[in-house]
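Here come two complexes built around chain A, the first alongside chain B, the second alongside chain C.
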Partner chain A sequence: MRRSSLMVAVLLLALLAGSLSAAAQGSLAIVFDVGGRGDLSFNDMGALGGDRAQRELGVTVREVESATTADFLPNLRALARTRQYDLIAGIGFLLQDAMAQVAAEFPNQKFAIMDGLVEGLPNVMSVSFADHEGSALMGALAATTALELGADTVGIVLGIEIPILLRFEIGYRAGVKWAVDRWNEMHGTNESVKVLHVYTGAFDDPARGKTAAEAMLGQGAVVIYQVAGATGLGVFEAVEEFARAQGKEVGPPFAIGVDSAQDYIAPGFIPVSMMKRIDTGVFTAISRALDGTFEGGATLLTLAEGGVSASTLEDNIEMMNAAIEAGTLTEAERDELLAGIQRAREAVPASAWEALYTLDHLIRTGEFVVPQALDAETAEFYREILQ
Partner chain B sequence: MLISSLILGSLHAMVPITMTATGEILSERAGLVNIGLEGILLISAFTAVVGAEAYGPLAGLLVGLLTGAFIGLIHGIIAIYFRGDQTISGVGINVLGAGLVAFGLVWQWGQAGFHQVPRAVRVPAISTPWGPLSPMVIVALVLAVLTWYLMNRTNLGLKLRAVGENPAAADAAGVSVEKVRLFGAVFAGALAGLAGAFLSIDWLATITKNLSAGRGFIALATVVFSGLNPLLAIVGGLIFGFFNSLALVASTSRELTRVIPYQFLQMLPYVVTLLVVAGVIGRVRFPRASGQPYRRE
Partner chain C sequence: MSQLPAEPAARPKQKAAGAGHMLRGALASLVQVVLAAGIGLAIGAIMMNATGYDWKEAYHALWIGSFGDRWGLFDTLADATPLILTGLTFGLCFRAGYFNIGAQGQMIIGALVAVAVGSSLGGVPTLVAVPLVVLAAGIAGAIWSMPAALLKVTRGVHEVISTIMFNWIAIYLSGYLVFNVMNDPRSAERTVRVAENVRMSALLPGADATSALFISVFIAVFFYWLLYHSPWGYEMRVAGFSHDALRYAGANPMWAVNVTFLLAGLASGIAGATQIIGRPPTYALYGDLSNLGNFGFDGIAVALIGRSHPLGTILAAVFFGALSTGARMMQIIAGVPLDMIRVVHGVVIVALAAPELWSILRRSISRRVASRTAPAASGPAAGKGAQQ
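Let's look at the complex of A and B:
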């Protein structure tokens, strides 16, 4: 008797589960950038977005790796031809040309490109991220850290001077200015923090990043934010080398990472990164494709919408677990990296974290609006008034 | 503080330029041109990391050197024994480097774009009162001086120069033109390979798909600039390294960049190199048989 009632319960549950997943039918295909899963960057974050869609929306997810950039086109086309996916998401701007071509061939198939732009096609949603808001958070942390340490200089090393990068720089400066004003108000002081910036003219030359960072460290910068792709790897190296030459196993000085949680690259010296939430981007795109609110064109995901954020320890753990799943990281390596990241986070003054989270809150509620500069003239204007 | 970082920065930036140029100078003296230095730097930077992660930094340097020597050997065989076009072979090496390393990063570490070199397998630095200094700075200087000595004060050096100037006469005097040139090719490859290893497992502690970032071509310019003299390759490397560092240091100054746009500051290393090549050095005379395959009559 008891056994049969148990069986009935199990059957009922199974039915319920079945009907639930049937109700939320949907399928998503994710095409990764070259390298695929386990990159501890955009691809892994895209995969996490897929996981979330599976968990919360009951969507079935198909992940497609691309060995070279030449595979983007056939991969996208093969997926579109099946006509069974509610959305095909491409991770990273490198897919943008291939997606534009395939989207034009299959006008009834919905596509989404992360951190890229496909123009003029109503079936492609181009997701970009409010990097100026995220950069302001980094500025708040950097400036408060400097003030706590009795220093007066922070830095930002950038790649090529393109409009998007001006947005990072001015956002960062706005965050610094906000934090300094707040500090002076709280302490009744008249401190200032100088922001050194360099456009290195390259996204692929770590040597330039290292030299630029060394120049900033030599002028007393205690925190340097890198927005320079592979050039920024040199920034991490310069900061770590500078600290280690003084016998330190942990910052200050600190470096700040960008795009994904780069905190693991120089454990102990990168307390935080400005993350573009590719996971939120993928999740938002499939949600909109399913509930009928999907629209082609550019979509900017703000900080309030979860489009950007300061990396947390949990973000690092989640991403590393994704890499372990993909087989590019072991658990022992993860634990060692996490210990280093934790040390860096603890070495940053508590008031700097508090400043970061306060500004995060103010941007979310709209009480603080981060200025945007997308041309050199506007950028110069803000450089002057944000001093 | 700023001055010492400027000086140390210049010294480190000098290493890949001077070392690569030194090897190529010897090769060009023997009449063999390799414009594939950029590719050798990149490929060796990659293999050095693989070697260092397996057996430590010394092995990494050795693997880098041997990789370069091997590519130099292939280039030499193509150019000398098959009388292939040296320019085409060199371009081939550059193209190969770009593809091979981008693919190798994914294949070896499952990460596209870059791989960070673990601290334990990097070449240990010498600590100085001004900051850490790579021992490869000294190696680069010593190699340049030794190469100068080899070229100008030894029997082999005489043969090298003879082969570059007048291979037929050298041949008649009993010198094996092929063997001497092949030595030059391997030597140039080996030094570029060592310079590549310096980039990845020493100076920058990372390997990316374009880590060399044009340094192979700057080295080629330095070869011309030096008038095929390794001692002047030191000067060339230092000038380029110094102005490269100075440009970035100056770019951080708002006061300065208001007057001179940073884009102009960052042209400095190239402009100065051009000026020196065009003005100070004057006309450089290359060996007469430079770039030409030797065919016995």
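Let's look at the complex of A and C:
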């Protein structure tokens, strides 16, 4: 008797569980930017978001790569036409035009674009990330590192002077200012840290990034944050060459990466990167599409919501494993890169890490609000007051 | 002139061929194509099977995605549009005996000029503006192919070297122009968009093909007429066989070189324009040239599959377009990753191009043997000419 009732209970539970998981099931399609899986950047992070949705929500995921930018439109259309997906996510702003068109053609299909903006369509969620908050963390680490090393200069090399990049620069300055104030309060000193900034005018010109970084190093910058796409690769090169010329295998000087965990690019010289969490973006979008809270329009994922973060060693490992899965990296290469990343992280003064994580906490709790600048005038205003 | 042999270069045996022989020849090459495609697809199936993908589902998806419904068909035609033109570039030069690898660069230049002209023609009636853009892009492509021809004629520089060099110059020039001169201040990654009145409309709503397709087909037919029904085309083809023969016939081989390169460049320049004004949704050129893809280099394979015949090139381009369009559904329905799909496509393409590659090899061997066995008859001057 007891046994049979137990069995009934188990059966009921199983049924319940079955119906619960069935309710949670859904399907997600991800359209990657050109370059596809294995780019150790946005595409791989988007794929990680899909993996997480599969794991935690039981969602089935279909990944579609694009050979050229001309494939975006037909790829999105073909997916929308199947009417099988609860959400179609596009990775990267290059898909903007195509998504705007397809979303208008299929008003009942939900879309999400990562790090891009599709305006005026209720079925597209445009996910952007609080770059200013993440950049402030980088500023705190950079300034404290400089003070700890007895230096007084840090730098930031940027791409073209567009509004979104002003947000990075002012956020970085705010982090520097916060860290310097904190340092002076703790040590009873009156130190200051100068922030050098250069807009190189290009996102694809490593030579310009290198020239800009070399000039900053010549003026005594010990940490340089790059926000310049491929131009920033020149920043990494300049920092590494500068250090190696002095016989160093590891920084200082240091460079800071952006968008994804770029720490592996110059192992030993990039202790941290400001990550835009495309994975969180994809996961958030599919979750909202499934639980009915999906809303079109611009959505800013803050630091507190996991939209940006300082890269950790685990982030690097996770991403490299994704690259191994995609066949672009071997395990031996991964271990060697990780050793270099570890060396760079250890070379940064502990107090600098402490400053970064303290500021991270303050931003999360809302105790510190990072100023935003999206036009030249506001940026100039903050440059003045953040001296 | 039209009563001249259709194939003076390749098959001397066919000289006395009647209509029956030609039909048999066409049938034979059709059998050859079907066989080659079959072999390629079979190898592709084995490879997909070995890596754990359902080849039947994958090929079904390939069919659905490329010809299975009207959208698939029109997306296929959209990809075929530039490929017809870049295929003509290689094919025309090949008929005249040259390896023009410069389609990619000529296409880039055409695209740049299409943006420059297309963005400044706002308000001009479409029927005037579109031909202007196309013509300007074509002329730009033609001009870009001239240095290779002139270097060939005056200095004997091999066209493979010079056209590859000019591809690189075009790539770097485009980088400079896109980011510094034609840049859209709101979208740093690309140029400004062309004016709305020069954007060609879709043939079928919901698919990518535009009326640019007709331009491609028109030029292919024009090249066919030129090559096989005009005296100039005859000279080009004879030049492909032997410069000495052409000189003996009283024509100037250098003239043939220049005209061939000009027309070839024209086609690829227009290919660039079709990707700017005839392909939704961006109507601009990306700084990394990602919306031009590899159409220039793919044109070489298209021409080889199409046996360097303008009409064969149309068919080959449609087939090629079907492969790239079908790749979409192979990913969506069958879940085969794009890298694997590209491998399978590569195998099919190599299988299809193999017969033509083999005949190139055989021809060049037999030519070398012929020049070695009869040195006295041709003389030193002729030997020099043959080497060019």
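The definition used in the following text is that the second predicted complex is superposed on the first by the 366 of 387 C-alpha atoms of A that agree within 3 Å, B and C clash if a C-alpha of one lies under 4 Å from a C-alpha of the other, contacts with A are read in each partner's own complex, and residues count from 1 in each chain.
Note that contacts are C-beta pairs under 8 Å (C-beta built on N, C-alpha and C of every residue); 3 or more make two chains touch, one makes a residue touch a chain.
No experiment lies behind these values; they were computed from the predicted model shown.
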Clash or fit (per the criteria above) of chain B with chain C on chain A: clash
Touched partner set for A:Val64, first chain B, second chain C, both or neither: second
Touched partner set for A:Leu217, first chain B, second chain C, both or neither: first
Which of chain B and chain C A:Gly234 touches, first, second, both or neither: first
Between chain B and chain C, more extensive residue contact with chain A: B
Chain B versus chain C as contact partner of A:Ile265, first or second or both or neither: first
Partner chain(s) touched by A:Gln101 [first = chain B, second = chain C, both, neither]: second
First (chain B), second (chain C), both or neither touched by A:Val34: both
Which superposed partner A:Gly155 touches (first chain B, second chain C, both, neither): first
Which of chain B and chain C A:Ala202 touches, first, second, both or neither: both
Region of chain C that runs into chain B when the structures are aligned on their shared chain, from 22-30, 166-174 or 364-372: 166-174
Overlapping contact positions on chain A, where the chain C interface meets the chain B interface: 34, 36, 67-68, 202, 204-205, 327
Of chain A, residues touching chain C in the complex: 29, 34, 36-37, 62-65, 67-71, 73-75, 77-79, 81-82, 94, 97-98, 100-101, 105, 159-160, 162, 202-205, 327
Chain A - residues contacting chain B, complex: 33-36, 38-41, 67-68, 155, 196-202, 204-208, 210-212, 214-220, 230, 233-234, 237, 241-242, 245, 265-266, 326-328, 383
Touching residues on chain C, where the partner in the complex is chain A: 65, 71, 75, 78, 175, 179, 185-186, 188-189, 206-208, 275, 279-282, 286-288, 290-294, 324-325, 327-329, 331-332, 335, 337-339, 342
Touching residues on chain B, where the partner in the complex is chain A: 1-6, 8-9, 13, 103, 105-106, 109-114, 116, 127, 131-132, 199, 203-206, 208-211, 213-214, 244-245, 248-249, 251-252, 254, 262-263, 266
